[in-house]
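Got some structures for you, see below.
Two complexes come next, and they have one chain in common, chain A, joined by chain B in the first and chain C in the second.
Our next item is the complex of A and B:
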């Protein structure tokens, strides 16, 4: 039985290795996706909120302690992130519900900082406001 | 055909179909499947990619091994292990309130109802256990 299990586990490795060899460039160049996170889950630990909406929307209401990317500009946002981020802190980017600004900002931030725990808020500002994040 | 043989037959056909189809569909898009694994937030991206390349082949080889008498029981045992692994990941995702596609049959086409995926996984796990128990009780059938 155990011998059979080992044979099967090893037999699957051969085509898998061949597949890696054939698709090496595609696999090697594949970037990790930016993952969504709910407001409740994000709020459980240390979190640095980044608001990717236009400045007027930010002034009308935002998650407490959030940094407005539009207000600060990209370079200053990076500087604030570098100053305030500590290991274990999640960076959560949000925009209005159903917009791509947060995802674009999160991808750019990951590229510029190399930090691992960068998320996009699921449901955006609408979801956060619904949870009383103002 | 007695009940025992009937159970074994249904279990084998279902396991072969589920794992064969799941493996074949995931083979086409390893990056899409890696994406689905990564969204469970249990593994880093690199490990998700490795698993996304290996798992579909393992599922497919298991499905094919059911056709070889000597490898039938080991194949079902591996399938059972995979079901337990998938079930753990699904329950962990459900408990954390994650909204994601289960990735059971590749990418987004798998749907996002984790509860449904858990039920499906429990049924498949039950069939694998039923087969192993049934064969185990009748040593003459052990391959």
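Our next item is the complex of A and C:
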């Protein structure tokens, strides 16, 4: 009976284990795509927000504490990341919904820093604003 | 005879006037091609236009689908016979290769159809430094980590030195196996305490090559 229960539990864990393995590969593979994350999930822990939108859009509203890549420029953005990052911090990049710029910035950031836990915000700024992110 | 010709003449005159009004805005250039290095973060391009019609033309610029492309104006009026240009800015965030971005513009001229403006940018990467940040966690072994430097084409520039970092890190530089490449081996003296520093790679070369690139070193 106990053996049967253990077998069932292990079988139930298989999809979860496969998901972790796939996510690991996606995050740490050389050409792995950048993974999306929701605002709620990102906000659960330490997070460093990077805003990839034009500077005027950033000034109209942005996630509290976010860095504007357009305002800072890429070199200064890297310097800020180097200053503010700590182990366990998620870095989340966003732009307008449907825009590719956040993904491009995230890919470049991953190549430039090698840091783990770099994500793109699902739904972009609109999703964050909808969650009261200002 | 003259009276019978008058309606015909008036009709011809009216048709000519309608055509003049419909001539409207003419985009002198609807495609711009540029070549830049990827150290350039924002590219600017101008699309010149002229109003060939006899009436003012109201121009409406559609918001581009990509936040990376921004038009200098979203709406403007061009007087008859006047000319000008629409400036657009394209932000480049690390992409290398051929980029094509589009912007649609429309006018209120009768019968006018929206026009597509194209910006083609070829982005090259003359100096590549990877990665730009090295990090060690506190207590981690202070093993050296590698930074790869390459210049393309090989003779475009050379790495002449590394300025910094301040005490706490050791940097060793050696040429790579291929021309125009170098490897830096960098390690912290220890990882007991949090520390950070900047190593500045200095390049000498032809115009357009950046003179320095910073690498950030972090123990957290």
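Simple rule for what comes next: the second predicted complex is superposed on the first by the 104 of 134 C-alpha atoms of A that agree within 3 Å, B and C clash if a C-alpha of one lies under 4 Å from a C-alpha of the other, contacts with A are read in each partner's own complex, and residues count from 1 in each chain.
Keep this in mind: contacts are C-beta pairs under 8 Å (C-beta built on N, C-alpha and C of every residue); 3 or more make two chains touch, one makes a residue touch a chain.
Just so we're clear, the structure is a prediction, and the values are computed from it rather than from any experiment.
*Asks:* Based on the superposed arrangement, let me know which partner A:64 touches: chain B (first), chain C (second), both, or neither?
*Replies:* A:64: touches no partner chain.
*Asks:* Touch test for A:33: chain B only (first), chain C only (second), both, or neither?
*Replies:* first
*Asks:* After superposition on the shared chain, which partner residues are touched by A:87: those of chain B (first), chain C (second), both, or neither?
*Replies:* It touches chain C, and chain B stays clear.
*Asks:* Quick check on the superposed pair: does A:13 touch chain B, chain C, both, or neither? Answer first, second, both or neither.
*Replies:* A:13 contacts chain B only, not chain C.
*Asks:* Classify the contacts of A:78 with the two partner chains as first (chain B alone), second (chain C alone), both, or neither.
*Replies:* second
*Asks:* On the A-aligned overlay, A:54 touches which partner chain: chain B = first, chain C = second, or both, or neither?
*Replies:* Second partner only, chain C.
*Asks:* Quick one: is A:113 in contact with chain B, with chain C, with both, or with neither? Answer first, second, both or neither.
*Replies:* A:113: touches chain C, not chain B.
*Asks:* Check whether A:105 is in contact with chain B, with chain C, with both or with neither, and answer first, second, both or neither.
*Replies:* second
*Asks:* Please identify the positions on chain A that touch both chain B and chain C, taking each partner from its own complex.
*Replies:* none
*Asks:* What residues of chain A sit close enough to touch chain C in their complex?
*Replies:* Residues 52-54, 57, 69-70, 73-75, 78-79, 81-83, 85-87, 95-96, 98-101, 104-105, 107-108, 111-115 of chain A touch chain C in their complex.
*Asks:* Show me the residue ranges of chain C that touch chain A in the complex, using the header's touch definition.
*Replies:* For this pair, the touching residues of chain C are 41, 65-68, 70, 91, 93-95, 130-135, 137, 196, 198, 214, 216, 218, 220.
*Asks:* Sort out for me which residues of chain A touch chain B in the complex.
*Replies:* 1-5, 7-9, 11-13, 15-16, 19-20, 23, 26-27, 30-33, 35-36, 38, 40-41, 122
*Asks:* In the complex, go through chain B and note every residue touching chain A.
*Replies:* Interface residues on chain B, with respect to chain A: 27, 30-31, 34-35, 38-39, 41, 45, 48-49, 53-54, 57-58, 60-62, 65, 70-71, 73-75, 77-78, 96-99.
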